Amino acid sequence: MTYKTGDWIPTRDAYGEALCELGEKNKKVVVFEADISKSTRTNLFGKKFPERYFNVGVAEQNEMAIAAGAAMCGKISFVSTYAVFASMRACEQVRTFVAYPHLNVKICPSHGGITPANDGVTHQGTEDLGIMRTIPGMTVLMPADANATKKLLFAAAEWDGPVYLRLTRDSVPIIYDEKTDFTIGKGILLREGKDVTIIALGDMVSKALDAANLLSTEEISAEVIDMHTIKPLDGDIILNSVKKTRTVVTVEDHQVECGLGGAVSEFLGENYPVPVRRIGFRNTFAESGEYELLLEKYGMSVKHITAGCLNSIKMKGKIR
Amino acid sequence: MQTASMRTAYGEALVEAGRENKNIVVLEADLSKATKTSLFAKAFPERFFNIGIAEQNMMSMAAGFATCGKVPFATALAVFASMRALEQVRTSVCIGNLNVKIGAPYGGLATAENGPTHQCISDINMMRGLPNMTVLAPSDAVSCKACVHWAVKHKGPVYIRILRDGEPVLYEKKEDVNIENGNRLHEGNDMAIICNGFTSHMALQAAEELTKEGMHVTVHDIFCIKPIAADVILDIAQKCKRIITVEEHNIYGGLGSAVAEVISQSRPVPLKIMGVNDYFSDSGSHKDLLERAGLTVENIIRQVKDFVE
Amino acid sequence: MEKDIQFLKDTAKELRKNILKMVCAACSGHPGGALSAAEIITALYYGEMHVDPKNPQDPDRDRFILSKGHTCPVLYSVLAMKGYFPLEELQTLRKINGRLQGHPDMNKTPGVDSTAGSLGNGLSIGIGMALMAKLDKKSYRTYVLLGCGELNEGLIWEAAMAAAKFKIDNLLAIVDYNRLQLDGTNDEVMPLEPLADKWKAFNWNVITIDGHDFNQILGAFRKAGETVNQPTVIIANTVKGKGVSFMENKVDWHGKAPNKEQLETALREIENDI
Amino acid sequence: MNKKEELERWAQLLRYDVVRMISNANSGHPGGSLSAADIAACLYFNEMNIRPDEPDWPDRDRFILSKGHAAPVLYAALARKGYFSIETLKTLRTAGSMLQGHPDIHTPGVDMTTGCLGQGLSAGCGMALSARLDKKSYRVYVMMGCGEMNEGQVWESVMSAAHFKLDNILVILDYNQLQFDGSVREVLNPGSMKKRWEGFNWNVIEINGHDINEILSSFKKAKETKDIPTVIIADTIKGRGVKFIEKDYMWHSLMDNKKFTEYAEQMREELKNADSFYADRLW
């Protein structure tokens, strides 16, 4: 199944469907669920391959450790839950029993960032990328749309070792056609520009593109990179871009500490110091509400991205 | 250098604070002899609660205590405080901005021979990502005590990363310790080292060695990694033009990352992050493990020199 | 049969000596809970499990998970005695560049089926393995040794529920019930009684035995093997530090290494069955 | 009107509020809110010692909704008690509202942030121990869901409440037998819930969770039990009161808002004509 550009689809839907395709092709794929299959969309897999599907109830730590046990027997374990629970409730199990033994456990949580907008803060995983990034041996992904989800899911299945692949609960627009290739660890240059580099991931990629469009009306050319893999970070694509633009704005549906902004700041600080503005949650928990309104309230809307770009461009003048 | 045990300092500070403040309660997960909360248990048995090996329960219980005006110190090895109970810290404690203090001994590689399952090079990151959390990492027994007392006065969640035994003593008395801004251990304009925890005394030693060779290096000991003293760091960046961060933590997400985030925003200067290079370590003596990670006086000196060129 | 039992007793003796020697050489480690499990481990590796030390990764092997990972000296000792690696290697426990980590590491040590060390996780991992045996239609069994302290962990009870739901009868959980944890007795820290009722209430088949009596241990293994559609737990009453007079039932020996002199006394006591 | 009749009306009114709120918000969890309405009515309108005009009163009884997704029933009870206006109920799950998708401690009357299952009883233990330390007589009420019985942390907290002999804590298990993915039996096969709690040394009382008299008498019995914590296992029906969603696990969260909104209107009419009690309380 592929998805038409311009349509709006939650990436968890694509995950559920792609998982079935994957299960068809690869008999080693087993799926673990923690009582929210209707929401994570693994119910599709469960229906199709009941013998390779295990619902362990509301018990995410157990789920993670069972998945590790299955991987120890040569399986490729997919773990479904919400980002808050995958990264925090079961954090130590991920670290000690998945990452440390370097097992083929693919953790694919829905409800990344504030995409469960209405559910409120307890269900909005806005710290998970940073948490996963600091666990040695972990590969951390967030696809920008349904087509990217499917491709990256297949790539994750082939990848040696643990993967964290973050999904959205709410709909995001399709920006990729079915032909685009995705390689784990290689960012995608979506739009060329010379004044500022916008590095975004997940649901914020489409916002970054909107911001770049808006900026072009003011004769500012912004380069846009989809950094779907936050770890290992694609240093080359950043360097190539920054040597040209000399300033960066990172955009993520995540806390500005520790996540994409942190990763890019670390990398540039060590390799090519230029101003970096980070757009995301500023050390605050969000709340219930409509997705777009929340982006607006917490400083992550298209408007804020464009303002951030303008500021960044100003900064670079000052520092020179 | 004289040495003292940080976890013992933690236990003693809890007793001191408990004497002054009757609202302080201590929660423990079956490791009181290791974490030294046993000292508090002895002094104030009625305010000591051993929850058994159940760190998640402990964190949420602490949250319950806090809603009733208590100042709970929940204590667990850094690896369990930061990872086994992470979601409880977030949901039960941080979202409500509750007055829970988390004491986390055996941070970094300090559990040494116990191996990677018990070592913890990710806790600073885990805690730093949580809104409302204050993250402290003292560098010796004296600053550890200062952190405990500071945490009692601070309203809101605080995570204190503590090491184990035999840490060199850097400070004379706890009043000397500036928790919010950190302490300047050495002055110089050629380069800056920003450090914390067990690496601070190494950085100081490295700076002293380098002075003999005519290089003048600023060494700044940071206790509070979140919120980090951005002004202080920017001043250092302005003055020294180059910064090396040193920490007993993963190079991703810790002190280095916090400094990178600050300087990249307003004063991008070249940075080098020294720490554990994103790997699971091994069983071995603490000294051996630090050596493998490149966290030695010699290597700091080498890195400073390389960085100049 | 009697001859077999005598052989097992002698083997357990050897195992205890190795535990103490390696912990002494490392100057750190956890002897108490290693000694309490000596008979159980001996019975597993010499009387129950199908394993091939020459082929530690054999996909059809029985699996063993030491969920109470801190007591790994007992596991390393038995693995060395079975020939997974040389006995001399026991001297490298907890040393840098060694294969014998302070807590078990499945990628470093031949014969270690699962990483362990942070308490409470082993049963879940075992369930994963047992489910995969069923999925792959393999006949291997999975054995999980739990400590009593770790039964405080909620994760254990999550796993207990899941094992019952999936009717996992190809997994055997054994509780090394020595009634001591780091901070004191179970009763002081977090009482576990009525322990058998707890497991029964989670729909488990429960067998209670003396964990130092080989006849009872082997009998329980047999009964567990015959139980279908329900997971079995053996609650093995044991003595922490068993075999060494000054360590028995002493909480202080949970995580302390004996010095040379203490080692000599201990070895003598074990040799002479004092 | 006697006590029972009055509480039945409050419960019915809370159900109405729940239906209206969720229909307004166009999202939320009706099933588990409705099953808990009778218990919530008994707690807030008869049992608990609280001061709506002084939500932080240190001596108040505490209530923790551990099954936080059932927030609408809690918000309804709080509004009806006067912690905030009935108007506020219309803002459920909208940006800037004090009524979050899951309970937030900053909302007046909410004693603990919940929503991530399994944490409520632990927090309750902390409160109950604080009461004992401070020699205060307040009680702590924790309402749990049957799905969250899967969480290991629940059993950690169950163990510690028994260990610390917390007789000032009362757990009410809203045992509606359904969780997100199906029946508790399908998802995680609990066996006898009573035996499980007894195995952890708790006093267990089983009741019909929709029978006001049974609820009230179980509260009384719990209070009289010393040195051991009590759990009331309340047999309930998920979605109780809204016929077309009763016992349907698919209605754990909102499925069809058109149908639901129509029902809210219908309910409004029915209540308006039923009794003078409802007349000036409907919105």
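Letters are used for the chains, namely A, B, C and D, taken in the order the chains are written, and counting of residues starts over at 1 for each.
Please note the rule applied: contacts are C-beta pairs under 8 Å (C-beta built on N, C-alpha and C of every residue); 3 or more make two chains touch, one makes a residue touch a chain.
On a predicted model such as this, the values are computed, not experimentally measured, just so you know.
Asks: Suppose chain centres are the mean of their C-alpha atoms. Which chain sits farthest from chain A?
Replies: C
Asks: What pair of chains has the most C-beta pairs in contact?
Replies: The chain pair sharing the largest number of C-beta contacts is A-B.
Asks: Could you give the separation in Å between the centres of chain C and chain D, each centre being the mean of its C-alpha atoms?
Replies: That gives a centre separation of 43 Å.
Asks: So what's the Cα centroid distance for chain A and chain D, whole Å?
Replies: Centre-to-centre distance between chain A and chain D: 35 Å.
Asks: Averaging over Cα atoms per chain, report the distance between chain B and chain D in Å.
Replies: Averaging C-alpha atoms per chain gives centres 41 Å apart.
Asks: Give the residues of chain A touching no fewer than two other chains, as numbers and ranges.
Replies: Residues 56-57, 59, 61-62, 84-85, 89, 92, 96, 100, 121-122 of chain A each touch two or more of the other chains.
Asks: Of all the residues in chain C, which ones touch at least 2 other chains?
Replies: Correct list: 105, 115, 117-118, 120, 152-155, 158, 161-162, 165, 190.
Asks: Touching two or more other chains, which residues of chain B qualify?
Replies: 51-52, 54, 56-57, 79-80, 84, 87, 91, 95, 116-117
Asks: Which of line, ring, star, complete or other matches the graph of chains that touch?
Replies: Shape = complete; every chain linked to every other.
Asks: Please give the residue numbers of chain C that touch chain A in the complex, ascending.
Replies: The contact residues of chain C facing chain A are 59, 105-107, 113-115, 117-118, 121, 124-133, 135-136, 154-155, 158-159, 161-162, 165-166.
Asks: Note which residues of chain A are touching chain B in the complex, please.
Replies: Against chain B, the touching part of chain A is residues 84-85, 87-89, 91-92, 95-96, 99-100, 121-122, 127, 130-131, 133-137, 231, 255-259, 261-266, 268-270, 273-278, 281, 283-285, 315, 319.
Asks: Spell out the part of chain C that touches chain D in their complex, as residue ranges.
Replies: For chain C paired with chain D, touching residues are 120, 152-158, 161-162, 164-165, 190-191, 194, 197-198, 200-203.
Asks: Chain B touches which residues of chain D in the complex?
Replies: Residues of chain D touching chain B: 58, 62, 104-106, 111-116, 119-120, 122-131, 133-134, 152-153, 156-157, 159-160, 163-164.
Asks: Would you mind writing out the residues of chain C in touch with chain B in their complex?
Replies: Touch residues, chain C against chain B: 26, 28-29, 69-70, 93-98, 100-103, 105, 115-120, 149-150, 152-154, 181-183, 188-190.
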